[in-house]
Amino acid sequence: MKGLKIVTIGGGSSYTPELVEGFIKRYKELPIRELWLVDIPDGKEKLEIVGELARRMVEKAGVPMAIHLTLNRREALKDADFVTTQIRVGLLDARAKDERIPLKFGVIGQETNGPGGLFKALRTVPVILDICKDIEELCPDAWLINFSNPAGLNTEAVLRYSNIRKVVGLCNLPIGMRMNVAELLNINVDRVHIDFAGLNHMVFGLNVYVDGIKVTDKVIDKMTSGEQTETVKNIPDFQWEPEFIRALGFLPCPYHRYYYQTSVMLEDQVEAYKKNGTRAEVVKKLEAELFELYKDPNLDVKPPQLEKRGGAYYSDAACNLIYSIYNDKRDIQTVNVRNNGAISGIPEDSAVEVNCVITKEGPKPIAVGNLPVPVRGLVQQIKSFERTAAEAAVTGDYHKALLAMTINPLVPSDAIAKQILDEMLEAHKDYLPQFKCLESADAK
Amino acid sequence: MKGLKIVTIGGGSSYTPELVEGFIKRYKELPIRELWLVDIPDGKEKLEIVGELARRMVEKAGVPMAIHLTLNRREALKDADFVTTQIRVGLLDARAKDERIPLKFGVIGQETNGPGGLFKALRTVPVILDICKDIEELCPDAWLINFSNPAGLNTEAVLRYSNIRKVVGLCNLPIGMRMNVAELLNINVDRVHIDFAGLNHMVFGLNVYVDGIKVTDKVIDKMTSGEQTETVKNIPDFQWEPEFIRALGFLPCPYHRYYYQTSVMLEDQVEAYKKNGTRAEVVKKLEAELFELYKDPNLDVKPPQLEKRGGAYYSDAACNLIYSIYNDKRDIQTVNVRNNGAISGIPEDSAVEVNCVITKEGPKPIAVGNLPVPVRGLVQQIKSFERTAAEAAVTGDYHKALLAMTINPLVPSDAIAKQILDEMLEAHKDYLPQFKCLESADAK
Amino acid sequence: MKGLKIVTIGGGSSYTPELVEGFIKRYKELPIRELWLVDIPDGKEKLEIVGELARRMVEKAGVPMAIHLTLNRREALKDADFVTTQIRVGLLDARAKDERIPLKFGVIGQETNGPGGLFKALRTVPVILDICKDIEELCPDAWLINFSNPAGLNTEAVLRYSNIRKVVGLCNLPIGMRMNVAELLNINVDRVHIDFAGLNHMVFGLNVYVDGIKVTDKVIDKMTSGEQTETVKNIPDFQWEPEFIRALGFLPCPYHRYYYQTSVMLEDQVEAYKKNGTRAEVVKKLEAELFELYKDPNLDVKPPQLEKRGGAYYSDAACNLIYSIYNDKRDIQTVNVRNNGAISGIPEDSAVEVNCVITKEGPKPIAVGNLPVPVRGLVQQIKSFERTAAEAAVTGDYHKALLAMTINPLVPSDAIAKQILDEMLEAHKDYLPQFKCLESADAK
Amino acid sequence: MKGLKIVTIGGGSSYTPELVEGFIKRYKELPIRELWLVDIPDGKEKLEIVGELARRMVEKAGVPMAIHLTLNRREALKDADFVTTQIRVGLLDARAKDERIPLKFGVIGQETNGPGGLFKALRTVPVILDICKDIEELCPDAWLINFSNPAGLNTEAVLRYSNIRKVVGLCNLPIGMRMNVAELLNINVDRVHIDFAGLNHMVFGLNVYVDGIKVTDKVIDKMTSGEQTETVKNIPDFQWEPEFIRALGFLPCPYHRYYYQTSVMLEDQVEAYKKNGTRAEVVKKLEAELFELYKDPNLDVKPPQLEKRGGAYYSDAACNLIYSIYNDKRDIQTVNVRNNGAISGIPEDSAVEVNCVITKEGPKPIAVGNLPVPVRGLVQQIKSFERTAAEAAVTGDYHKALLAMTINPLVPSDAIAKQILDEMLEAHKDYLPQFKCLESADAK
């Protein structure tokens, strides 16, 4: 059959219009025959709102892309060419707990690499692995493009605990960092290249180039000189102790602030929580507003409000990746893949976030060699966390979960780790069927 | 010439009587012709007190070991067979600052792998490297046995920045852990073997054996069961969240509490500081009392009070190591040496603390392979810290020192790192001639 | 039950009296309750001859060690403490083919790492893996001490394709090299230590020590100076181009001559074959003579003629290893074990031959780090061969076998590899049930 | 100054017209201001012939590229942007010896990775390193593009023994292999991609793609099926034992025949030598004919006869590489660069031949991970050879040279290695000033 079949699991997400826009824009070189939006029964209403918008968008654009809406994942997956996952197990309510419970104990929740991220993983990994089993059976040649968080940890889990090898984890952070640099230098983003290496939400920009010429030092000068503060004051990425950035000599990512500015970030979060509740609660309100917009039968393009949502460029990055794979573009994109030796000291079969050449056979990582000595340790620590958390998610082993919680750099003691863990396990128990310890607790 | 020449740099230390006792005990198989105790002019008085005690001890024991006291290091080193270093650059006053200044900012000082340890390294590494240059010239075949802290970092610095390869770093922690286990099981320590692996003050006991049979689980059961608490209540090593230790499945070292119980340890230190001042100040008082004892012309053995000093078994471990090297004993001891591939993922030329076969050609590490996933990251992080700190100590580069301070897991933010660093650099400037930034500040 | 149960598979071997002698000698510290000698029906007669001799030896020595003879391997294995394997699948007739067929094509057979060794592996590995399955079921705590050749390749296969981890491969070559050095220096072998590292029959003596002092250069001088030739002229180990040994700077093993003197060795073998037939045929005659001796009812000790057999010290090495494991001796022996990082660049889970500390929990390899640059490649090439051959042996895949044959450094071309392979597969087909290609050929 | 300055050392080579043609073709996007052709006094005549032709070509094409001819290398290098080296120390006469002397001993000369290659390296490496010193001083930002053989070994030497890091080694073999596949499939070469990995003249095509789709198996089927023999019968690359290629499952390079078909290749060479003398002598005649053509004042394009010379596409590959670096093209080319972890098990700082993304900051290797088990060993063996040979070339150490010769897989024994080495050292002594052993021999 001509044209591609694409399946988006979690299709009722508020991000979907960006994805649809991305596909429409690239239709000529990325001829999608069918786009299947899949969701769970609880998401049916949103799925229909988003699905209708998608249909209006496609019609407006005049491309022959059929939009299918379904709650039947297996039906959707049959013979798919690409599967994207943008799921949120437990919805925003679960995220609110991921953030709120640690904060009670004076600990940052951090929904990707922190205690919150651990629980997001415990809920999400089993679902992703289920999807992998379906893919293996129903569309074994499909590429799985995951942008559910924690994107790195999920990729690690797929690589270690499923038979799927055609998997890519995606994040909008690298493109965001390129945009920040472009803004700082007041040039077009296409002229900016960055050598990215590390893990998801733990990635460094080791060298920055403009038109192929190294400008790392110049960028760091700009980032750390007082006069520039004006221009970029809204970009949290740049709120660093200037001497530290000079000492580093390359770019941290915004999430590094959780590790290199733990105390500051904690105060910020406590403050923000007092003012607005958790980020999850803020997002919930934003989402409700977006869905109100989406319902408008006259809306037939992606509304500009979506870009403020925070996850901007995620879906566009996914479209771009699919486009390059399908067309064997051999351009360079920054994605989460099997390390394959690209970063020394990380196992070959672990996931890393690194620049890759995107070919029809998938992304091929560019060799980085050793990470700079000062940051090597933190990257290893997060990898230890990711692997232990993935094992906990797969086995439902209480002790593995406790290990993951305790070794997380944001958690200040083994005793607090246990308290947070126990409370979170209880709070999320509906989404953690693999944890037998919870069952027996119920039995009491 | 028959018999060995041994040189102890920092010979005026209160620990020296233990060392002398250790040599006397082993004299038959370790025939020491001359023991040179070397110190700096500021330590002259203590050197003479300790030296006289050493002479009385030797005479009492009836062994023909000549005790030489000198302030001239180069004279002492000429043709030495073994050189031990137990120096404290800046004396206990410097240590007090290492502890007090970070605490002002709500940060644990930790005089080995923490901010305090960074400054101890900045002061000590250049002196150790100077000693290495003298050794290279005056006794190139000698073994350098270092037990100055930070023992791991100093070994790393010698391996990377000197030509000396016959170097061993020594710590009493592994023998202390074996003693704790023996006490817990109520058996003789000789029956206990532990597979140690990691870095100095960051070493894990991966397996525990009694008479060669693995008893790790049994030891962990004892450690984590309430009934045992009584027996071992004074051993801080065992104050862990029991479930965490069970989850780990092997033994952490007491210093791991700084990293896995950061918040608890900080509170302890603040409390202790309020009560007694810094540990340095406590030790200072203890030392004064010891030297009063040492002055007694009737004292001709190691006084029992020394064992309470905290560094017990350090000197005995040194004697034992020298004994095994000299006699090609091929027994197993836990020391800090060039990794040589023993621990996967740590550079071959970095220092690790690991079980070694002690031969006449030095310690040969037993291959460990990969460390367990959950602890791999923290070990790497401390190695990143050690390497960055060693580079800062050698180059006097402000930015390297700031990097080392910021990446240290005990330091909560880049801004606090800078504040601590700046204040400590100023406080210790007399002992940091390599830091040009301090000179130029003076010039203002 | 008190005392050990030891099972020797291939118990009818002519080497068994050495093994029995070794056990008798160590009885006091190695109390063997039962020694089970197991063989296959074809070996029944020899088993009985050797078994009777063993009984006479035990009686003469007055030790209460029961000798059991059986053709029922599973009965023997039940609750064993140690299992030794000294099997020869296809007996000496198969070995004769291993040597003769390659020689027809102008290629050295070499029964361990050469084309002959490939076929020995194809026949032996499946039997060893069967034994492993029995051990797993019947005596899961037993140690498997294998000295069937190819000892390295067999250990590789057990590590990769069975669940048995308590396995050690044993060879008499390292002890032989120590003896040669002792003879060369005219001193007692106990004073000689050598740092061995490499693979079985591909091991290097990187440093040589006498009483712990490095004497490598002195040994190499002796080996390569004309005057010494006299004393050691019968030791093929020393028939090297002197400048090559000086260039190397450390000791090759005798088997290295196959790779560094391929042309010379080939001529020797052709010559020897013309004179005496294959080595297998020579050995067959020797064996017949030995069994004649063994039959003598008055013989109640190991006859001195056995030492000339070539495999001397093999059995003694096995006794010594068992003794050190049982008694947690922590002495150093050179054995084939899981690499565990000891030799850099070889997978952690591959077998290497290296110095180990022998503990009750088995041998722990001493870290070697990188092999010297010039020999690293050849060692890797043999490891490639071993791994490919092991895979061929397990899968019965014709193409894997062809790959193993072609990449073997003794084989001069892919076409010759195929000819040798095809002829050998046919010749040995009774012992290669796993090769389906042979079945289908039969079907024609 | 606008436009690029390019320096070609060995500018009098018969290949230069291809290079000039390549530059002319790309002039629009690769604006070369000056092309300096440098040669040694012995090459003056050829330099002038080639230089005049180059000038006529440039004039004909109407591009403003100034051609400078000089014997003064340092003058030429001043401020260069790119330096290409295509030198042949000792000219074709030396190559004739590289081939003839080993053949006398029944050994293939093989002018890159064989005994001949060793001597080519001993003569060439010191000159390349001299050029590196000049570059460091006179044009430190220039890229060194080396296509002098042995290209891999020369790159290894530059990486290990000079301060130049902007170095790329170039070979026409990967493009040749792509062309062969294109011919076999009867499609345009631009549609063929191959995952190359290994060392120079020891590179494997691990996967073959057409339009991004994997077709490796199909290519292997074509290569090994009889019917195809017709089409490609002149391509020695395909003269393999079909079952071996099927067993391998990926593409060897033509040079692999030296190692996997040693005996066949030796016979070929002996035969060819009897008929035509060495390849060097054949080439000498071809070259003479080419220079006759070049002299024709009416010739103003690259004559078609040059393509038959054997080194076709070399210069075009160089132009293409320079073009992609200058324009930050980020396309994929196969070149020799610092490994940087791309191939597991090869040191990070060793040279490998691997697919790279070509950026303005140079080629960035794509991570390969582990090479397939069966070929890993041979690659390591050639790397051992390259490193030992490079060390011999730099130090002039006789023993290192003997080691390199003996460990070369083409050399059948240590004694023959010594004979070949001694005769070749004598034969080439005018070009080996670093070998002190030759001087002292002269002194006798």
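Going by the order they are written in, the chains are A, B, C and D; count residues from 1 in each one.
By our rule, a residue touches a chain if its C-beta (ideal position, glycine included) is under 8 Å from a C-beta of that chain, and two chains touch if they have at least 3 such contacts.
Remember, it's a predicted structure, so these values are computed and weren't measured experimentally.
Hopping across touching chains, the smallest step count from chain B to chain D is 2. The chain pair with the larger count of C-beta pairs in contact, out of C-D and A-D, is C-D.
Annotation: 45 Å between the Cα-based centres of chain A and chain D. Chain C has no residue in contact with two or more other chains.
A complete list of chain pairs in contact reads A-B, A-D, B-C, C-D. Considering their complex, residues 240-241, 243-244, 246-248, 260-264, 345, 373-378, 380-385, 387-388, 391, 398-400, 402-404, 406-407, 409, 412-418 of chain D touch chain C.
Listed in rising order, the residues of chain B touching chain C in the complex are 193, 207, 209, 211-214, 327-328, 330-332, 339-344, 348, 357, 359-361, 364-370.
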